[in-house]
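Before we start, here is the structure in question, set down as structure tokens.
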Amino acid sequence: MSGIVVQNIVRADTDVIDGLAHCGVATVHEAQGRTGLLASGMRPIYSGARIAGSAVTISAPPGDNWMVHVAIEQLKAGDILVIAPTSPCEDGYFGDLLATSAQARGCRGLIINAGIRDVKDLKEMQFPVWSKAVFAQGTIKASLGSVNVPVVCAGARIEAGDVIVADDDGVCVVPRANAGTVLKEAQARESNEGDKRARLAAGELGLDMYKMREKLTAMGLKYV
Amino acid sequence: MSGIVVQNIVRADTDVIDGLAHCGVATVHEAQGRTGLLASGMRPIYSGARIAGSAVTISAPPGDNWMVHVAIEQLKAGDILVIAPTSPCEDGYFGDLLATSAQARGCRGLIINAGIRDVKDLKEMQFPVWSKAVFAQGTIKASLGSVNVPVVCAGARIEAGDVIVADDDGVCVVPRANAGTVLKEAQARESNEGDKRARLAAGELGLDMYKMREKLTAMGLKYV
Amino acid sequence: MSGIVVQNIVRADTDVIDGLAHCGVATVHEAQGRTGLLASGMRPIYSGARIAGSAVTISAPPGDNWMVHVAIEQLKAGDILVIAPTSPCEDGYFGDLLATSAQARGCRGLIINAGIRDVKDLKEMQFPVWSKAVFAQGTIKASLGSVNVPVVCAGARIEAGDVIVADDDGVCVVPRANAGTVLKEAQARESNEGDKRARLAAGELGLDMYKMREKLTAMGLKYV
Amino acid sequence: MSGIVVQNIVRADTDVIDGLAHCGVATVHEAQGRTGLLASGMRPIYSGARIAGSAVTISAPPGDNWMVHVAIEQLKAGDILVIAPTSPCEDGYFGDLLATSAQARGCRGLIINAGIRDVKDLKEMQFPVWSKAVFAQGTIKASLGSVNVPVVCAGARIEAGDVIVADDDGVCVVPRANAGTVLKEAQARESNEGDKRARLAAGELGLDMYKMREKLTAMGLKYV
Amino acid sequence: MSGIVVQNIVRADTDVIDGLAHCGVATVHEAQGRTGLLASGMRPIYSGARIAGSAVTISAPPGDNWMVHVAIEQLKAGDILVIAPTSPCEDGYFGDLLATSAQARGCRGLIINAGIRDVKDLKEMQFPVWSKAVFAQGTIKASLGSVNVPVVCAGARIEAGDVIVADDDGVCVVPRANAGTVLKEAQARESNEGDKRARLAAGELGLDMYKMREKLTAMGLKYV
Amino acid sequence: MSGIVVQNIVRADTDVIDGLAHCGVATVHEAQGRTGLLASGMRPIYSGARIAGSAVTISAPPGDNWMVHVAIEQLKAGDILVIAPTSPCEDGYFGDLLATSAQARGCRGLIINAGIRDVKDLKEMQFPVWSKAVFAQGTIKASLGSVNVPVVCAGARIEAGDVIVADDDGVCVVPRANAGTVLKEAQARESNEGDKRARLAAGELGLDMYKMREKLTAMGLKYV
């Protein structure tokens, strides 16, 4: 079942991807019906990055980062590496050398349900990573995994070419086929939110703006 | 039992509250007999904030943030929102729109034993949050909770109007009735610590300053 | 078994220690055969510090920081305090006063498998700490522990005088007797990595640089 | 704040307590509006026990079981010990000797947000315990705590004399003043459930029995 | 995206399903290339059950068990319910009444990445459950989810009609299309293991039986 | 550093080992000054076993069980296998075939800071295991580890030939050189406890038996 590298994956449109990056994780998650979030344990190694890109997926044995080298060859500019170990692991699959190689091919960042290392270097390189752990534990190169096969990463199903959005709020995946639609919905939410934000900043209450009072009373809310 | 909003809560004196903020969590916790800390999992979403304020409490159903809107109407300048879900939850109850609304009413920050989102915006707004998780997962508005009832939040009992102190060390609650006394004790500790700090910085040992050597010997400590 | 303070511990050579600090945790860990890492839950309270020093170890009862005062007297310039509670604990053993005292004696930092407090002060003092938790919970001074005895801290065996290396990647211990050898191996890795980094940055693939293709094919890797 | 033993606590009526035991945790929790549950980490050390009793509470320092001896003197037949450490701890506060002493006074069991030991003996004695951990780690007798003061135990507020209900589903607390009312509501639920169980066992669907179909359709449920 | 009930799902052959049950989780997991395991946190509520069945999947909102009623109507004899909340949750979705209803329709058990309750009743009914938690916390019926859509449950992708195998070792999913092939492979492993077991029981070493000595020596293993 | 098998290890006297088994974990832990416990996460796969034996240690790569075969050859009657992965792992290193082989050589059980599988078979064979997880995930045989070298297992330092004691309370290690002394101390505690148990069962209070009242009063305990 493992030992497969899928070479020609389909990617979403660059404009759509960049649009999704601009909207950010929370808005995109809402825009696609509150789906697609990876587990909250996936945290950025430094704050402030907001990226989107096409997933190049890696199904990797625990503690074995050999397939990362294989996957880097498959990267195109704008891609994001997604590493899902086949059993729970927090070893450090990825450090500054792999980041240098990935960045040289235009890779925008890494999502990994395991550990990474060389945090200081990665931050200086501005190569953002969302991971389960920071752990220097070295890995080996002994077993095959697969590249660009569907994976479950931190609770979310991800296929190669799906759009990954990541920022300080975490990581969200948008199935490639839905990316355009989700972007439109996300942008609609964004323009809508600008008006709301202004009204709330001016002191208007959500209770009034969203007309909640009547429904709350009907539900039985009591003020004492 | 739920569905209640207590409207007129009593708050501690503003000077007392601000004095407690100045002392910070560790000193206040010591000053009230080492009580009142929330669990260590309650972490700030950005470092450097140090606040105190009167608790406006929310007992909320898991994954349902409706009561936050209700609670915001109850906020006065200097208050801090405290959200305690009725079962374990890390969904994102709170983001930039709610923060805008709360901040417009003078709210100083949020304590939540669940998740929040829009971290980047909250940081830019300088609206500090201490939470169990950062998680963009959307919530619904379907069930009632209560506002300004006593809650247990991250292991600590909090009543509306109690003083919340929060900084990089975590979160501490001071029962409103004790706030003045605790402040005095905290300030006494602070002035006391200045002298100690100077002596320790000059190389004096705690063993000598606190006269510990004799007691340690009596307990049987052996130097080899 | 407890109640012992070992006074005259042997330390590694200062040049070796400083050399290991320069190499950092990930490289040192690799250089000594992928051993010596403390658990990934040991996180720095602020980012950017990279230190090495000789371990002054404390075996402490849970929630009792008395022995820290005893240990500070044993510190020499360049040392690092290592605190290992005898049962799981996240209480705040250490804050700004103890840090002031330790820093006055030339201590470079603290490794503790428990909690600490006064994070803001410690950061301003540039006294780095790697800990399991930030938690203001006060501790007592009632029971003896031991100083400079062998401990297990966050999964790693540490003896007094062993070299501790700590940075944003975590914490690694190097047995004193091996420190010189490990430094040479670490430096060899470092110089070796410079060349690799340049080639990878220029677009050469790890698959080619490490001559992996043939072995991968022999293992059965299929490109589809 | 600590160092207090409240001696004459009020208890609920024995018939009410025994009635609540018969209903069990899940029913009692529902009967009081889905409140009162302790965290799910509180697990029985052996399966099959179902008890209720009046809480004799202990606020204990971490790793110090001295107050358990003090509390045992306060026990009356039908009571349940509730131990809440003042900071997170999994040390073994309680074993077969303390259980022997408590059982001699008519104590029905122990709820502890920490560790216990002598599991085999406790099981043979049929002294049920719900704990966070099984851990043999010994505790000391060095610091005061308090007995029969209000505590927060595993996320639930418990006052002395409140009714504790515990079985294989976990632990629930019923405030003493509500115990009679909650019992009536619980018994009503029980008799109601007998009929439902029979109908469901006969193949009737909840969808029909609870008349859910229309509402689900109105909400937009689609069968495909 | 939610609010969908897929009615006519395809199931694997009954003989294949029962064959997989007989082989058990560990063997089936190996037989399909070490894939398909759910996370180790999914534990049986009582020991000794070993089942297999066709998955009827539920994607449920956190803390809302309405869709369980909907799903029960879709059950056929030999099915296993699989409940995956859309965000982390340990509330008690399922108890003895739902079990009675499911069992009346021939359901063999429940897999749920959340909590359940009425453990004692479920055990008496011999209705096995593998869950993340035992927690009596009540759920509501307010929002739609979906039935028989693909879900990710405890880290594993499961589609309606896939074969679930569960025993004391945990839970494994076999994609429906592969079930026959996996069974053959599993049975081959089983018959093969009988011989190995006999030889090992007779004292033959795995080192000899698997002819490992030469390879270990070649790898550099040293006996000292 | 790895790839070493130490063949001729020294073991404690059989009578001492069996005596320690009889005393059990809690007593032995107390008898050696409250040291030697493994972390509380090490749980028995079935209840009721109480064993002691000489440690045959395995330092194993994560997810690789090759060294278990190597270690089994080193087992003598009365030994206990101790497996410590070199990084956190919950894969299933050990199942019924390995247990058959180990049992054939007189091995009394397994302590493993990782996962195991075939729980049902192991229970039927009465081969007790204390592990961090039950997880069927298969392991590989690709890298060397070491046998009978010192390891840290679940927080405790263990050397080959040390005495392991394990029962329902967890696991404790006694350094070989201390085993005789610890046994005497443990037996003294046991005989001492019999008398205490009888007096407590008769209703005497610990407060009186241990003469605690005066000291508690001196500490300031107040009865109200």
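Order of writing sets the chain letters: A, B, C, D, E and F. Residues in each chain are counted from 1.
We take it that contacts are C-beta pairs under 8 Å (C-beta built on N, C-alpha and C of every residue); 3 or more make two chains touch, one makes a residue touch a chain.
Predicted, not measured: the structure shown is a model, and the values here were computed from it.
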For this session: Identify the chains in contact with subunit A as well as subunit D, in label order.
Result: B, C, E, F
Seminar exercise, completed: Hopping only between chains that touch, the fewest steps from subunit C to subunit E number 2
Seminar exercise, completed: Taking each chain's centre as the mean of its CA atoms, subunit A sits from subunit B at a distance in Å of 31
Problem set entry | Distance from subunit F to subunit C - Cα centre to Cα centre, in angstrom | 28
Exercise. Centre to centre, by mean C-alpha position, how many angstrom separate subunit C and subunit D?
Worked result: 42
Problem set entry | Residues within subunit E bordering two or more other chains | 34, 37, 40, 86-88, 90, 135, 137
Exercise. Got a list of which chains touch which?
Worked result: A-B, A-C, A-E, A-F, B-C, B-D, B-E, C-D, C-F, D-E, D-F, E-F
Problem set entry | Complex contact set, residues of subunit B against subunit A | 3-7, 46, 66, 69-70, 72-73, 90, 92, 95-98, 100-101, 103-105, 115, 117-120, 123, 133-138, 141, 144
Seminar exercise, completed: In their shared complex, subunit F is touched by residues of subunit A numbered 61-63, 86-91, 135, 137, 140, 142-143
Exercise. What part of subunit A is in contact with subunit E in the complex they form?
Worked result: 1-2, 32-35, 37, 39-40, 86-88, 150, 152, 155-157
Exercise. Tell me, which parts of subunit D touch subunit E in their complex?
Worked result: 24-26, 29-30, 34, 37, 40, 43, 47-48, 50, 167-170, 172, 193, 196-197, 200-203, 205-207, 210, 212, 216, 219-224
